[in-house]
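Report on the following structure.
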Amino acid sequence: MDFICNFPFFSILLSLFSGTICSILPGKAAKIVNRVVIITVGILSGILLVYLLDSGESFVYWMGHFPAPWGNEIRAGVLEAGMALFFCIIMYLSMAGGAHKLFDEVEESKHNLYYILINLLLSSLLALVYTNDMFTAYVFVEINTISACGLIMIRQVGRTIEAAVRYMIMSLLGSGLLLFGLCIMYDLTGHLLMSNIKESVSLLIQNGEYQIPLIVSIALMCVGLCIKSALFPFHAWLPDAYGYSTVSSAAILSSLVSKGYIFLLIKIIYRVIGFDIFNSTRIIDVLFVFGLMGMIFGSLSAIKEGDIRRMIAFSSVAQIGYIYMGFGMGTQAGMVASVFHILSHAATKSLLFIAAIGLTEVSGGSRKFIDLTGAGYRNKWAGVAFTAGSLSMVGVPLFSGFISKLLFAQAAVQVEGKMLAALIVLGISTVLNAIYFMKTVIRIYTAAGDTPYPCITFKDMKVHAVVLILFVILNVLLGVSSQPIVNMIEQGLAMFA
Amino acid sequence: MYLILLPILFPILAGFCLLAYRKDPGRKLLTITTGICLVITGALVVVALMGTKQGLTLFHLTKKLPIYFNIDKISVIFSLLTVIVFLCAGFFSFVYMKHEQKEKRYYGYYLMAFGVLNALCFAGNLITFYLFFELLTLSSFPLVLHTGSKEAVMAGLKYLFYSLCGAYASLFGIYFLYHNCETLTFTAGGVLQISPASREGSFFLLIAFVMILGFGVKAGMFPMHAWLPTAHPAAPAPASAVLSAVIVKAGVLALIRVIYFIFGTGFLQGSWVQTAWLTLTLVTIFMGSMLAYREPVLKKRLAYSTVSQLYYILFGLAVMNEEAFTGSLLHVLAHGFIKSTLFLTAGAIIYTTGKTRVDELRGIGKKMPFTMWCYTIVSLGLIGIPPTGGFVSKWYLAMGGLTGDIGIFRYLGAAVLLVSALLTAGYLLPLTIQGFFPGADYDDTACRKQEPARLMTIPILCLTILSVLVGLFPNIITNYLTDFVSTLL
Amino acid sequence: MSKKKSTENYQKTFAFHFFSWLHGEKDPYLGNVEMQPQKEYETDPEMVLRHEKEHDAIMDKVYDTQHNVQLRLFHSLYEITSILFCLFLMALLLVTISYLPATGVAEKPVNNEVAARYIENGLEETGAINIVAGMILDYRAFDTLGESHVLFVATITVLILLRLDKNKKGEINPLTKDMNPNDRIYEPKNDAILRLVASFLVPIIIIFGIYIILNGHLGPGGGFSGGAVIGAGLILYLNAFGFEKTERFFTEKTYKWICFFSLSFYCLAKSYSFFTGANHLHSIIPNGTPGAILSGGLILPLNIAVGLVVACTMYAFYAMFRKGGF
Amino acid sequence: MGPNLFVNYGEAVAAILFCIGFTNLLLQTNLIKKIIGLNIMDSAIYLFLAEKGYIAGRAAPIVTNGVTSAEAYINPIPSGLVLTGIVVSVSVSALMLSLTIRLYVRYHTLNLDEIAAQLKKEGK
Amino acid sequence: MTAFQMILMGLLVICAISVSFSRNLLNSILIYMSFSLVMSLLWICLESPDLAITEAAVGAGITSVLFFVTLKKIHAINIAEKAEEKKSPQHEALQNGGKNE
């Protein structure tokens, strides 16, 4: 076994261990540790990705001295390594972009705690990405939930605490359902390891045994993860949580945390249940319908919203709807589109959150649209970046959003029964997106007359501006050279099977 | 080979630099820079047109979707029109914009729109076209809301939403075409290999109709024309000139590309889509003229006139035979020159007198005889009196309509064209008549000559001459097009 | 010739202290035992009034169902849907359960080769008599590593929420200033009965906890349960003797370092084991003789580490809840 | 209905408890009760899991007298999973309780609806 | 053993339901505590002594203590009495969790 195969294990352990280390460090040192860890993990994942693309085969890694099904295992393929790399990039950029606003209302002695949470969040995301064992997945889902809750309430104003409570309640409902589904699955198959469960499940399907419990178990797991990733009817906690937490938290939460759960769901679909078996159930139709509803209602709520951060948060609801719609199509193309949308949405949404903070900063800290008038002139970089993000969301070519919409449409065209519904809702949702994002862009570029707020130049916000530029570049990169990425996703999904 | 990119990238970059430049450069420097940029761009377009032999694939968005540029005869005609109108209106605006705020922003977006339009003309496949179609909307809508007044912002928003919705409707079609066609490169005669009689074919007829409606929004098609009459009066005059002479033509170009180069006329000929489209065009022509006739505000009247005149062009396209198509292209040129002249004269009048309503402009011919003469000449052209540009194009259109295989529309079309020509006379000439013959009670002594600055009159003159030239020597253009048109049908 | 000391002098002698302690009159550290009656929780009456007013206004608004039809509809809709959903869920689960393999019998998918191997080879491969301990700390150690970090991250969030920190100027952060730092002032201090019971019980509890931890690989128990027992003992001690006593040996620093070292040890030890396992290297850690206290490879040290973390964490939770610090 | 409902009465009780906890979590407006509901829900799942591992007539999975036959002991896996699960649920309850304290200090109520109304009034 | 198990399970259900309907928060916590104790008895019946010890130490011990501290912190013990005094239907509804508002 090559030494590189150790890299996923190193990434997880490194980020876990750095969390422990941060607990004895002061805030500044913890920050450095955090950055170094994210970069290191990113580099490790990058090397791993190259290695896997080169070898063309996924591998499993024993966590201990015992092979599966006795010991724990993690597994790395192209998609996993790519996701890990991407998560690191987004996380680093989000942290750097929000760094200057990070500790507005946090006591200095608690700064290192924030980095502990970030490190543990990273490790749990990595574990969710790499895991090959259902129960490990559950444990790390819990770490993910709790640290996400910490990220929400670190600001400790009433709103964030209330949001954190709502988030926790919904998340715990989701965890409960997930665990229950898991238990039923364990009862039916006698395994916890993904590959073994899959074998047993296909055997059960062949023999026609335990059909009802099997379906119920799949459904419970799906519903659990849907709740945790804020699919439409379960999205009530989301706007407050994303809207009032510190900006880095909001960016990370919207682009990574919910995506981690969605990625786990993809993994479950492919590695636990089997893609064809999953598609033969009615669950995909339910996911499809809720996805469509999410696309519409999320956008409608965003239009009604008068607060820029909450608007972006509601837009996340719509975008998550897109992803589930892709699942619901039940084809390989739909899945590819969804995975691509995970990437594109993560890149865009964190860009929007970080640009939005730049805009509110020059508007006296207010997030109401009325105060944002002309903010695009006062903070040019944030204005341009927000516009770029909006264009990507709206689906203008050259940006990542266009490609994902194109992929969705392409996937929808191949599915007989769902084609029209998907395309029409896609169209409506795009127009609604255009309405609220363009409204915002126009608002920030409407001349405000004389405002008391000062302009901000590049010098005042070097890091912020550079991060914004990097985000825009990432977005354009996803939009322009999507082919290799789509190929990679296809290859990765093929490795899943 | 990369020559083709120059006229696209140069103005966009120049405009971007202008916008990003922090300090106020001063009016003189600004106008000179912009002027130089405009001239260079014009020259670059000509160079690109002369020097380009083959298409250029820039990069691939996805496997089947390259960003691809190519030049054919349609591109030549549209890009020449763009260059001329943009140069003339640009120079006109150097004076006109004196009384507006934030000139730098205006010129920046103006240059960007110029570059995007060039790209639109050179686009070699549907996705490239769509990309720049969206960008055109985005870069031209700051021009509409330039003044920043409440009406202007509302008009800008209206423009934006109509255009975006239209573009998404067409994107809807692109999704299907992408799936069912081997390529989306513009190919004379179409790329869709489906018979309209099949089950899929009937579905694609629907798609074609949706795309026609979608792109038709930009061209002001009747149910979705509402943005035009609000956007034009709100925008500064040179901006309305380019808007109605060139930017709405992007919609026409889109329809030409979609119908003749993607679906192919064979697919649509005789289908219900053609019938519906013809009905829509005729209704629009008539409605536009009627609305213009009843409209008191000059620029709004001209905007309604644009709606109606554009549908002459679309009527020609919908008929789908050689004469009508040639007539359409001729009318694109003629209307481009004429309508930009009209808007520029309207701008000159507003600039000197500050009056916008037709009934306030009694005796304007005495004050600004030169401007009004140009106005009169091009008005005659728009009405279609020989030997002006409008006459030839309308002749071709009528001939095409009469010989076309379109059933009842054969006669209906000709009749509507005639009636609409009358209405055109009815809404354009009153200004001339009142302007030159204010009536006995008009106090001649009170008025003095108020001709605008040289930089305003010269562009108007140039455009007037060009519009006349189109009428005098249409053969150059028709000869140039003959071979090409026959490959299309 | 003995000189009788004056009463004042006598009170300074060791004998006086000794006898008075013996008679239970005096605490050698804190002085006389005092029983304060438990006071009502006192607050600023104006504030109470204001809160009540606000509360009433809100109640009127929130529960004004006569006038707020939308709200009423929403509430009833929400309740009905939730109840229906739960009933549906229950029915679904019951139906599912009726199709599941029967409980209590050996022939079902769960009892497959995995469970068999854990039982049959567990002793040999892990060296632990308690198969469950062997399983969670050796076969499936990655889960357990994650689990201890769940506890860790929960402590971190509790710290963020409840720790009352002072900034450089010594002021309490305005965000947390509403919190009542110490609610023990209204409680009976130095309660003799409690102290007596505690001084008996605490050592026993803690020794029992240590036993559970150390015996984790030999019998029921392990780091977590033992740690929780020790934590409970510490909490009892705190309740009996107050923060002043516990702060002598247990401050936040102690907690931080104990946690750090235990978790680091856990992390590194398991990393070593994972790494050698995955790369098929030989692990130098011996399994020992099954049944001996020093056996089971890494299980015993890991249990101790977990036990320390859990004990400290439980105590930390309590201390945080009580006064926002140690 | 399948054949095993009454054989699996333990699981059935677990399901009922799960639903009771779930309902509490959804419907109780008082946060403390919500948290209790949450704990009940978790316990129900653990009960379910433990029932899965139970085999009548076999001993707890602690090797006694050196007997290492698979027929002698119950399945140890569910016990291990439940052990992990209990830790998770303690952590979560501690977190929720501390959130409750903070919310109460800030809003002087435990009712989420009221808090929402206060937030609306604050208009932030 | 089965009969005993069944009784224990019945107790569990009763505890769970009465937690939901009890009017006083202190009562519900006490009931929850007994729920945990019953649970830990049940673990012993199910041959899982590890779980029994853990559940007893954690569920009936630590978690309940944390609940009590929370109650003390939020003065809920006093509030419950106050609500008894007031007896206004609205407040009553609030106290028992807004079940019937």
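Labels for the chains are A, B, C, D and E, by order of writing; each one numbers its residues from 1.
Note that a contact is a pair of C-beta atoms (placed from the backbone, for glycine too) under 8 Å apart; a residue touches a chain by one contact, two chains touch by 3 or more.
Remember, predicted model here, so these are calculated numbers, not experimental data.
The chains that touch subunit C as well as subunit E are D.
The chains that touch both subunit A and subunit E are C, D. Note on connectivity: the fewest steps through touching chains from subunit B to subunit C is 2. For subunit D, the chain whose average C-alpha position is most distant is B.
Of all the chains, the one whose CA centre sits at the greatest distance from that of subunit E is B.
One finds 27 Å separating the Cα centroids of subunit A and subunit D. Per-chain Cα centroids separate subunit B from subunit E by 76 Å.
Distance between subunit D and subunit E, defined via averaged C-alpha coordinates, is recorded as 13 Å. Subunit D has its Cα centroid 69 Å from the Cα centroid of subunit B. Residues of subunit C found to touch two or more other chains are 59, 93, 95-96, 99-101, 110-111, 114-115, 118, 130, 132, 140, 143, 147, 150, 153-154, 157, 161, 180, 219-220, 222, 224, 317, 321. Shown for subunit A are the residues that touch two or more other chains, namely 135, 139, 142, 146, 149, 153, 156, 161, 180, 186-187, 212. Annotation for subunit B: no residues touch two or more other chains. Per the contact rule defined earlier, chains pair up in contact as A-B, A-C, A-D, C-D, C-E, D-E. Touching subunit C in their complex are the following residues of subunit E: 48-50, 52-54, 57-58, 61-62, 65-66, 69-70, 72-73, 75, 78, 90, 93-94, 101. Residues 2, 18, 21-22, 25-26, 31, 34, 38, 41-42, 45, 48-49, 52, 77, 81, 84-85, 88, 91-92, 95-96, 99-100, 102-103, 106-107, 112, 115-116, 118-119, 122, 124 of subunit D are the ones touching subunit A in the complex. Touching subunit D in their complex are the following residues of subunit E: 5-6, 9, 12-13, 16-17, 19-20, 25, 28-29, 32, 35-36, 39, 42-43, 46-51, 54-55, 58-59, 62-63, 66-67, 69-71, 73-74, 76, 94, 96-99, 101. For subunit A in complex with subunit D, the touching residues are 135, 139, 142, 146, 149, 153, 156, 158-159, 161-162, 164-166, 168-169, 172-173, 176, 179-180, 183, 186-187, 192, 212.
Looking at the complex, you find that subunit A touches subunit C at residues 1, 5-6, 9, 13, 16-17, 19-21, 23-24, 61-66, 69-72, 74, 105, 107-110, 113, 116-117, 120, 123-124, 127, 133, 135-136, 139-140, 142-143, 146-147, 149-150, 153-154, 156-157, 161, 180, 184, 186-191, 200, 210, 212-213, 216-217.
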